[in-house]
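In the two assemblies presented below, chain A is common to both, partnered first by chain B and then by chain C.
Right after this comes the complex of A and B.
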């Protein structure tokens, strides 16, 4: 069954935030919010859970540091010991810079990779824009019909009251993934 | 007229405790002069340098905000502004040391032993002249920044902000050069045979992270005891926490850069610095220094929730302030005591005294202006700030 949806288009981020707050108060189902840039405080207004991307970053960094440290100890002290300035083979201070660099590399690439994976952003992916202007100067809020009590007129009035410049009615099939 | 009731009255208990701290410091110094004069003078140099650094951290923080055009910190800018009051107090202490007990510096007594540029640079009159130039520049820039900010409270004119932006840009250059040279003059020359080109940055990293720790503690305290409760929120704390985390890590980075190069090259005239500081009790303190200034704060402040929790943030700030004192102790005292460890009752007592002086100077300046820059053009942005 195709769901009936309402798209409110806004010209200002504060109007968008106001509309989101009102929609959440009325327990409307918000499918998605579109904005041309990261709007401060949007996560909180939407009540989104904290992203776990920072955890990925921590684990990737720790993994990189551990692997590199092991590799340095293995090369410098086990597989091919070389005497450098009469220092012990396992000289930790000498390993620190490279360990640090590899930790940063793993953490950085791991985080970006995880982000692309979670967002399903693969090469050649076709952009499906709900409205081309959301990449430029418009903000959009997509609300979905949940049950028979859903009153299109009242939702439309709510969006307009909060400064929507346009309200578009649509069916769910058209919605981009 | 000011728009706010600006008269902030510190409670009598607070004033009394600060005076007790100062008393303890003076007592420790007096007893130190009798029983271990070298340590007492070195310790006076240490606490004076600490006070100067705290004052400079205040004006540097203010200057950085202007130079970057940053608005988030305006709400509590009066805190770093008032910290500048520690600058003249510390300067007086340092001048006292330079005039009355110059023998703290071995090169003062041994004329003709150093050669080349060092002989030219390390001369008593030139040394004093440089110190006066540093103080004049620091006091001049700091006073100018603070005065403009406070005049804006009265007329709300944008010209004060513009002037402060220009002055701050110049101050960044002046500060970088003078603080580097001052650390070399006053601390590194305690061991004139030893040199490190990164010493100035090393001291800057320590002074700035300690300054941030002090700003955090003062902001939290002033938020709780009313003056700043309407102006400072979790978002400000979060950003202060981020800065503390970043500069603590920066300190570690510079510490390691200095240590690793000397460790790797292992040249006698360089490694003597660390050999002196890695024997016996000092060797333990050497590790504790790294743990306090970076190890614990790094692990704890990694999470954003910790940066927004006043109790956690405050305890990390306290750790870093203790770490800064230990860091200065390890830079200044070992050459004076020749690595002999003694229970640091003089040093501890005088540090408490310096904290008391800092508190009195801070309150005296903080009370003289509205608790927030009421007519700063970016105050609204700062109050509504979120990450």
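Right after this comes the complex of A and C.
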């Protein structure tokens, strides 16, 4: 069964934030918020959890550093030790710079890779825009009907009271994946 | 918050969100003007000249350059360090100033990051052609081979350099692209159906402005900034180790890493200003790159320029006070030997000229700042030339002393690298949004609100 949804379109950041606050007070289910830029502080208003991508970054970085350090020690001291100016085969301090570089490389690419994966972004994906002006100057708040107590008229009034320039009724199947 | 209240708004003229999109996208959507074509013709000719010089050098050999057994590094490595240094300001603006919450950076970070990428491309050419057999350039990276496998020497600063530059390029490109995604989507949604729309649909990865994604995006941006900050410091540190780990007087100094990093930011900031002062005029972006940017970036030039000046003094003093005769000689030879003209060019361009920026009147004059940045660009090129050539040309053994003079091929290669840089930048101005729209939109009310509140 497809869910009934209401989309409030706003032309201003502060109206959007006001509407979200009101909607959260009334315990309406907010499916998603759309914005042309990262509205400052909206994560707190929406009660979003801190992204765990930093953990991915840490793990990828540690993995890169460990692999590279192992590789440097293995090549220089085990697989084919070469005497360079009488320096010890396992010249650990001299291995630090490249280990650091590879750590940064793994951490950076790992984080971005994880971000694209989890946000389902990939080259050539057709965007399902909720409003054609969302990447330009429009903000949108998508609210979903949760139970029989959901009063379309009142939610519409709430959105309009907070300065929605447009309120659209729609069914959930149209929602972007 | 006091500084924000006192500061003028980041974007002049109370722009609306639509106006920002229109202003930034307009130069991409109309046909390029005469100025652009003229600039492109010049830049592209320079690039062709450089390509001809490099082709000739590769076909004939390193003997086409003025190098000899005493001066084994000269123009090539000077250009390499110069270009790498230019790149550093882009990362400073995009990453370090982001961590320091310097919101003015939003006006210039996209172009500065692009500049970083193009500068690193220019830099990468020089070690490659310097190898003499650039088709074996991949030997610098470890890969399984039929010689053992014989691995590279991980203790060598030149190997560190290859890893540092490659990582720097990849991470800068990634950072730049991540910053571009929302703006690419904006361009996509403005475009009429056709090839342009198709290309931007592919590039923008299906971005739909959902806040869940924005929330993660902010985290990714923060993490990349956090990674790029130590990375950029490490890159020029490692470049300085190419010199500092050797036993050549004039190179073998512990001061090199901070000295090189400050110099890199100094030269890069000058190059960002040189480019942005032209770009804002040509592309009509005066509202986004305004006096406030000019002021802050000029101050950064004074700061880093003064650090560089202090480093010159310190290394001179240390050399004289240290009691090492070879070290003493190298520095006296720098300031009074056959390359004294290069040394004093460096000192006057890098230490004296930027001091003019202490005056607000000069700092707020677009033409004067532009001229000063050109001086800094020249001075910083000479700094690398002085460090490299004067340390080498009169070494321990007077019998092997030699001089150095660049050949026309070397000069053509240098011109070619500028050609590549400007061609790439001009194409970038045409095909991608030069200003980070999604970031500018987020700070649009910044300053303006305060201005109203305090009226």
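Heads up, the rule we're going with is that the second predicted complex is superposed on the first by the 177 of 177 C-alpha atoms of A that agree within 3 Å, B and C clash if a C-alpha of one lies under 4 Å from a C-alpha of the other, contacts with A are read in each partner's own complex, and residues count from 1 in each chain.
Everything that follows uses one rule, which is that a contact is a pair of C-beta atoms (placed from the backbone, for glycine too) under 8 Å apart; a residue touches a chain by one contact, two chains touch by 3 or more.
Bear in mind that the values here come from a model prediction, so they are computed numbers and not experimental data.
Engineer: Does the chain A-based superposition show chain B and chain C clashing or fitting?
Structural biologist: Overlaying the two complexes on chain A (C-alpha atoms) leaves chain C and chain B clashing.
Engineer: Of the two partner chains, chain B (first) and chain C (second), which one does A:79 touch, if any: first, second, both, or neither?
Structural biologist: So A:79 only meets chain C here.
Engineer: Look at A:55 in the shared chain and tell me whether it touches chain B only, chain C only, both, or neither; answer first, second, both or neither.
Structural biologist: neither
Engineer: Please work out whether A:94 is in contact with chain B alone, chain C alone, both, or neither, and reply first, second, both or neither.
Structural biologist: Touch status of A:94: both partners.
Engineer: Between chain B and chain C, whom does A:157 touch in the aligned arrangement: first, second, both, or neither?
Structural biologist: After superposition on chain A, A:157 lies in contact with neither partner.
Engineer: Using the superposition described at the top, determine whether chain B or chain C touches more residues of chain A.
Structural biologist: Larger number of chain A residues touched: C.
Engineer: Applying the document's definition of touch, where does A:41 land relative to chain B and chain C: first, second, both, or neither?
Structural biologist: So A:41 only meets chain B here.
Engineer: So which positions on chain A get touched by both chain B and chain C?
Structural biologist: After superposing on chain A, chain A residues 40, 87, 94, 97 contact both chain B and chain C.
Engineer: Looking at the complex, which residues from chain B come into contact with chain A?
Structural biologist: Per the touch definition, chain B meets chain A at residues 256, 259-260, 263-264, 266, 302, 386-387.
Engineer: Which residues of chain A touch chain C in the complex?
Structural biologist: 13, 32-40, 42-43, 46, 48, 50-51, 53-54, 57, 61, 71-72, 75-76, 79-80, 82, 84, 87, 91, 94-95, 97-98, 100-102, 104-105, 107-109, 111-112, 115-116, 118-130, 132-137, 176
Engineer: Using the touch definition up top, name the residues of chain A that touch chain B in the complex.
Structural biologist: For chain A paired with chain B, touching residues are 40-41, 58, 85, 87, 93-94, 96-97.
Engineer: Which residues of chain C touch chain A in their complex?
Structural biologist: The contact residues of chain C facing chain A are 16-18, 21, 142, 148-157, 159-160, 163-164, 167, 170-171, 174-175, 178, 181-182, 185-186, 188-190, 201-220, 223-224, 227-228, 230-231, 234, 238, 241, 437-439, 441-442, 445.
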